[in-house]
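One chain, subunit A, links the two complexes that follow: it is found with subunit B in the first and with subunit C in the second.
Showing the complex of A and B:
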C-alpha cells in the first residue's frame, strides 16, 4: 500500500469521522437548542406575584439596597453589576461570574488596584449604552451620605480618597462635588475600562461589587432621594409602577438584549410585588394555594408554618434552609459591665439553649447551637472552635453546676463583677427587642440564670428603636440580643464588623479592654491578606479568640423557611444571598 | 353669636397648636435617635451626623417646630446642591422613608379613610337605629331579646377579632381577591369596584358601632316614649307611626346624631385596626406604620395633627349647632 493511498484512506476516514462527528454535534446542538428553546418557551410568559406583609422594599435605589433578598431581587431583574454571583444552587452559587464586565476583575499592586472592562451591548431603558462613566457615577453616589443612607459602605471605606479630620471621606458625593478630584483619582475611566484604586489590599474587592452600590447609574436620571422610588433599569425588566404600601409592577425592558447578558433568564412577562398584606391574608394565600403563581417573600406565622411544612402535598413548594445569620447575645465587656471572663463563661454555660430554640420553632425551624460567630455556610472561613459548646461540661439544657463553679472562681478573680451578677439588688441586664416571643424568652433566661445563681434583669426596647439604642455604647446594657449575616463569602464581613469598633456593629465594646489592640492588629492583617487560604486561617483563629473570650453567648446557626404556590417553577436557594434565585423563577403552564 | 364664634375658633386653633407642639416635644424627649435608626447597619458617627442633618434633626426642637409651622404657609426646601428639592405649601414635611412630601401621602390616604368612614357610618346608623327602634317598640319580645344579643355580641367582640373572622370567611368563600384586596379604586372610576373593596371593612366597623347605637337608640326611644308630650300626641289621636316619626325619633335621635358626628370625626383620623386587617392604605395604616416601622416623625406629626383637627373641628361644629339652637350656650 502506497503511502499516498494510505494517506488518502486515512484522510477519508478522518473526513468521514469528522463529518460524522460534525453531523452528530450539529444534531445534538440543534436538538439541544430546540429543547432549551422549548424549555424556555414553556417557561416564558405569565405574571409572577410576590406577596409580603412589609409596606415596601427597604430600598430600591441601587446605592441603598443592602439586604440579601433585595439585592438578589433587583440584581436579577433591574440592575446589572460589573460582576455577579452565579445564579445556580449549591456552593457554586457563591462563585463570581462576569456581568457587565468581561471578566471578574484584574487585581494588581497587591490587590490595591482593580480593573474591569465593560462588555459591549449593555443598554439602559432608553436604549443608550451603559458606559464606564455611568459605573463611575454609580460608585460615587454612596459618598453623598446626606442623601444616600442605609447602603453598604464598603466602597466608601475602600477607595483611596483622603479622609477628613473626623474620619469621613473628603469626597462628599456627586451632588455637592466637594473633593471630586480625590474621587476622580481613585476611580477613573479609560475607554470602557474602569480602574479602582484602593487604600489597602482588598483581595475580595470584586465581591463588594456584587452589591448594587457598585452598579452603574445614569446621571441624567438620578433624582437624589426620590431615586429610591424609580431607579433606571439596565436589566431585563423595568419599573412600570411602584407605590409604597401598594405594589411594584415590573414589565419587560425591551431595550435589554439577551446576547449582552450571560447571567439572567427573564421568564415571566410581568412581575408584581404586593405590599402590606395582613399576615393572615398572606398565609391563607399560601396555605390554600389560592394564587398558585405566587411567592411568599416573608416567613409564615409560626403556627401556619408548622401546618404548612406538615403537609406532604406541599413538599415541592417549600424550602427549609440555614439562613446567613448567626443569632447570639453580645456580651458588653467594658468596665462595670461583663468585664470578667469567669462571669461571662458562667452566663454562657447557664443558658438553656434548648428551651430557647424550642420557643422559636425548635431545631427543625429555628436552628442549632453554634460554636462561632462565623457560620459554616461561609465554607473556607469556618472551622469548628474548641471550648464553648464543645466543652464537656456544656449542656444544651443549661449547665448550672458548671456556672456555679465559674462564679465561685469569679468571687476571687473579679469580686465586683461577681457581686453585680449575683446580688439581687444589682444583677445583670439584658437588652431585648419588645415582642411577645422575647417576653417569653426572658422568663426562660431568667429561670436558667436563677438555677446558676445569676440575677438577670431585662430591658425591653421597642423593636423599631432596638438597634439605635444598643448601638449607643452609653445605653447598651450587659448583654444584647443580636444577629449578623456575612455580606459575602468572606469573614472579612463578619469579624471586623462584629469585633472591631470601626466595623459599626461591635456590641461587645471590646475596644475598651487591653486585649483589643492585638486583636485589631490581627484583624487588619487578615483584611490585607491576599492569600485566601492564609486569610481564612486567620479568620478562624480570630473567631476562636472571640469564643475563648466569651464575647458572645448562645450563638445559634439559624434557619429560615420559604414557601410558594404550585404554579411557580425554577425555585432554588441562592446561597450567597440567602434567598430565592429570583432569576430562575417562572410561571408553570 | 359672632363673638362666641370667634372665641370658639380661637380656642380650636389653640388646641391644634398645643397638639402639634406636644407631639414634637414627646418625640424629642423619647430616647430614640431617628438619625441612627435610619442609618442602617455598620454606619459611622459621621454618617449618622449627615443623616441627622438630612432629617433636619440637627437643630433645636424649637427651630424644627418653627420650620414645620413655616412650611404650612410657604414651600419647604430639603437637601443641598444638586439633590435639593421642595415640598409645596402647605408642607407637613417630607417622609424620607417613603420619599414623598407628607401632604401627598395624606392626600393619597384621606380618600381611603373617608370612604371607609362614610360607608361604615351610614351602615352603623342604619343598623343601629333600625334595631334600636324595633327593640324599643317590641320591648320584652323576641325582637328585643335578639337585639340585646346582637348588642352583647357586637360590643364584646373586639374589632381585631371580628375583622379577622370576617376576612377569613371572605377568603374561604373566595368573596375577595386577596391580591387585589385593599387597592384603592376611585368611586368616580368604578363605583362597584370601590364598594366591593370596602364592603367587608364597612361590615367590620359597622358591627362594633351598630351595637352601641342600637343600645343608645333603644334607651332613648324608650325614655322619650314615656314623656308627657308623647302621651299628649297619642291622646290627640295621632297614629303610632306619626308619633314615632314626628315626635319620638326627632327627640330621641338628636343626641345620637351628635355622638355619631364625633365618632365619624374620630374615624376620619384613621381606623387603624380595620385598615391594617383589610390592607387599606388609609390614614390609620399610614400613621401606625410610621410609628412602629419607620419612626417617621413628619408623618406621625401630620397624621396626629390631622386626627386632632378632625375631632376639634367636629366639636366646634357641634358647639356652634348647639349655640344656634340654644342661646344659653352662647352666654355660658
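Showing the complex of A and C:
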C-alpha cells in the first residue's frame, strides 16, 4: 500500500471515529489500562516522586506555563483558577467546574462581558484571602510582554483595551503601568465579583480561564522574572524548594482549606520532582519497578518503551493514548530562512516518515501521518486537506525525486535559498530538543534530506530551555520541531496561536511575508464569527492555506505513552491536557 | 498548549555523538547528566 493511501486510510478511520465527537477530548485510550482511583483504597500520606531527564520545568510562573503537562501539574498542586476542568477520566474531564469562582462564569452583551464571583475561604500560603484584586493583578501580568514571556495570549488578545499602531496592546503590564486606565476599564472588581469586558463575542472565554495565566497572583509577592522560580501558592501544596537541575519539593500548604476547594484531592504529604536523571537510569527505574512510588514525567526511550509495553505484569502501570497534539516541523519563512515555497515543499517531500515511525517502535506508538495543523479529534473544525501527503508524489518513505524537481525549480525561482539549502558550506538548520531519541532521529532526517540533495544541520537545545529558545525569533533556525494541542474544542486555539504573530506560538515567523496580511484578516474574521458551522469552515480553509504554503512539515497526529511504578494509585488520563490527572495520584501502601 | 519537548540525552549517548553532523552550539548545549544513581533509598516509601 502506498504511503499516501495508507495515510488516507488512517485519516478516514480517525475521522469516522471522531466526527461525532463534539469536544476536543474524544481521544481514546488505545492500549494498556489505567487504574482509577478507588475511594476505598485511596491512601493519604507518603512521598510521590516524579522523575525526568529535563533539567527544569520550562516555566513555573503561572502566566508563563503553557506546556500541557505542566499546566495540569501546577493547577493540581499550586494554582487555583476561576474555573477548572473537572479532574476525572473520560470525556467528562473536559467539562468545566467552578474553582475559585462560585460558577463557571456569567456572560452577557453577546458574550462580550463575563462576570465571575469569588467563593469565600480561598487563601494564600500566609492565610490571607484570595481577592478579586489578586485575580485582576494576575490577569494584568501577561501584558508585560518584556518580562512575562511564552504564556497563553488569549487574555491579552481578547480584553477590550485599545491597540497601539503596531497591533500590540497599549497596556504594558503592572510593572510599567503604561495604559493602566485602559486595563482598569476592561477588568474591574466590585466586591468579590470580577468583570471582564472583551473586544469580541467570546462564547468559550471561560475555557481560557482554566489556564493559570488567568490565575490570581498576590502583587506583594510578585518578583517579576524571578517569580518563575518561586510562585506563591493558593493550592493544596506549596514549593519548599526548587533548584534547576536538581529537584522541586512540594509540601502541604497548611493554609489551604479543603472546604474552600471542590476540585482538588491532595493525597501525598510530599511531592518531589527529580530532574536530570540520565535517560537510561530513568528507564531502568521504571522497567524494573525500582522505585514503586515513582511516575515517569517523560516517555521511555523507544527500545525500552517497546520492552515495557510488552510486559504483561505492567498492564496497570502504563497508558498509550492519542494525545491532543499535532507534532510538526515549523518552517521559519522569514527572509534568509526558508523563504522559498519550492524549497519548503522539497523539505516536506524529502522526509522519510516511515523511518521515524520505525524509530518510535512502529505506528502503535508513533501515531499517523497528518495533513493539517488541526487534529481530527477537533471534529467540526477538521477536514482532510488536499496536496501535502495526499499529493500522488508523496511517499511515506520519502520522495527524493519529487524534492529534486522542486529544488530544480527553486534554482530559478529563489536561487539564494536554493544555494543555502544545497550548499554543504551552508545548509538548513533544524532546532531539536536534546535527547537520545532526537539524536537518532536527526541521523534519519539528515539521510533523507541528503537523498534529496538538501543539506541539513541540527541545533540541539536542552529540553527545559527548548521552547523559550525557539520562541525567540532571533534565535530560531530554519525549522523547529514542535507539538501543539488545541487549548479547548475550537480551532480558534490552533490557527491563531500557530500562525498569527500575537497568538504566542507562531514559529513560522510568517508575519514577515506578504501573504500574512490576508491570512490574518481571515483569521480575525473567523475569531469574530458567531455561527459555529461557518467558523469551522473558515478554520478548515485557513488550515488548507497553511498547508498549501508549507508553513509546517511532517505533521503527525501523535500518540504518547506514560509509565509509572506499582505503588502509584489513582492514575487516570486527563484528556483536555493530555496527561495525568495529577490531583488524583496517591502512594499505595 | 505546547507539547512537552523530548527529554535530554543520556550521557553515554552523548559521548558517542558524531558532532560533525551538528552545529557548534550542540557542544555548548550538551547537558550535564545528574542523578546517575537511582533516588536514594532513605527517601523511599
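Definition applied: the second predicted complex is superposed on the first by the 342 of 589 C-alpha atoms of A that agree within 3 Å, B and C clash if a C-alpha of one lies under 4 Å from a C-alpha of the other, contacts with A are read in each partner's own complex, and residues count from 1 in each chain.
What we mean here is this: contacts are C-beta pairs under 8 Å (C-beta built on N, C-alpha and C of every residue); 3 or more make two chains touch, one makes a residue touch a chain.
Nothing here was measured: the structure is a model prediction, and the numbers come from that model.
In the superposition on chain A, A:327 makes contact with subunit C only, not with subunit B. Of the two partner chains placed by the overlay, only subunit C lies in contact with A:438; subunit B stays clear of it.
Contact with subunit C, but none with subunit B, is seen for A:587 once the two complexes are overlaid on the shared chain. Using the contact criterion defined above for the overlaid structures, shared-chain residue A:70 touches subunit C, although it does not reach subunit B.
Judged by the touch definition given at the top, the superposed model places A:577 against subunit C, while subunit B stays out of reach. Once chain A of one complex is fitted onto chain A of the other, the partner contacts of A:281 extend to both subunit B and subunit C.
When the two structures are aligned on the shared chain, A:503 is found in touch with subunit B, with no touch to subunit C. Annotation for subunit A, partner touching more residues between subunit B and subunit C: C. Once chain A of one complex is fitted onto chain A of the other, the partner contacts of A:318 are absent, as it touches neither subunit B nor subunit C. Applying the stated contact rule after C-alpha superposition, one finds that A:166 touches subunit B and leaves subunit C untouched.
Shared contact residues of subunit A, touching subunit B in one structure and subunit C in the other: 49, 51, 55, 66, 152, 245-246, 272, 274, 276-278, 280-281, 284-285, 290-291, 294, 462-464, 467, 505.
Taken together, the subunit C residues at the contact with subunit A in this complex read 1-13, 17, 21-23, 25-26, 29-39, 43-45.
Residue ranges on subunit B touching subunit A, taken from their complex, read 31-34, 36-47, 50-51, 53-54, 78-85, 96, 98-100, 164, 167-168, 171, 174, 178-179, 181-184, 276-279, 281, 285-286, 289, 291-295. By the touch criterion given at the top, residues 49, 51, 55-56, 66, 144-147, 149-153, 164, 166-168, 174-177, 224-226, 228-229, 244-247, 272, 274, 276-278, 280-281, 284-285, 288, 290-291, 294, 462-465, 467-469, 471-472, 475, 497, 502-505 of subunit A touch subunit B in their complex. For subunit A in complex with subunit C, the touching residues are 46-47, 49, 51-55, 58, 66-71, 152, 245-246, 272, 274-282, 284-285, 290-294, 298-299, 301, 323-325, 327, 429, 432-439, 442-443, 446, 457-464, 466-467, 482-487, 505, 558, 567, 577-578, 587.
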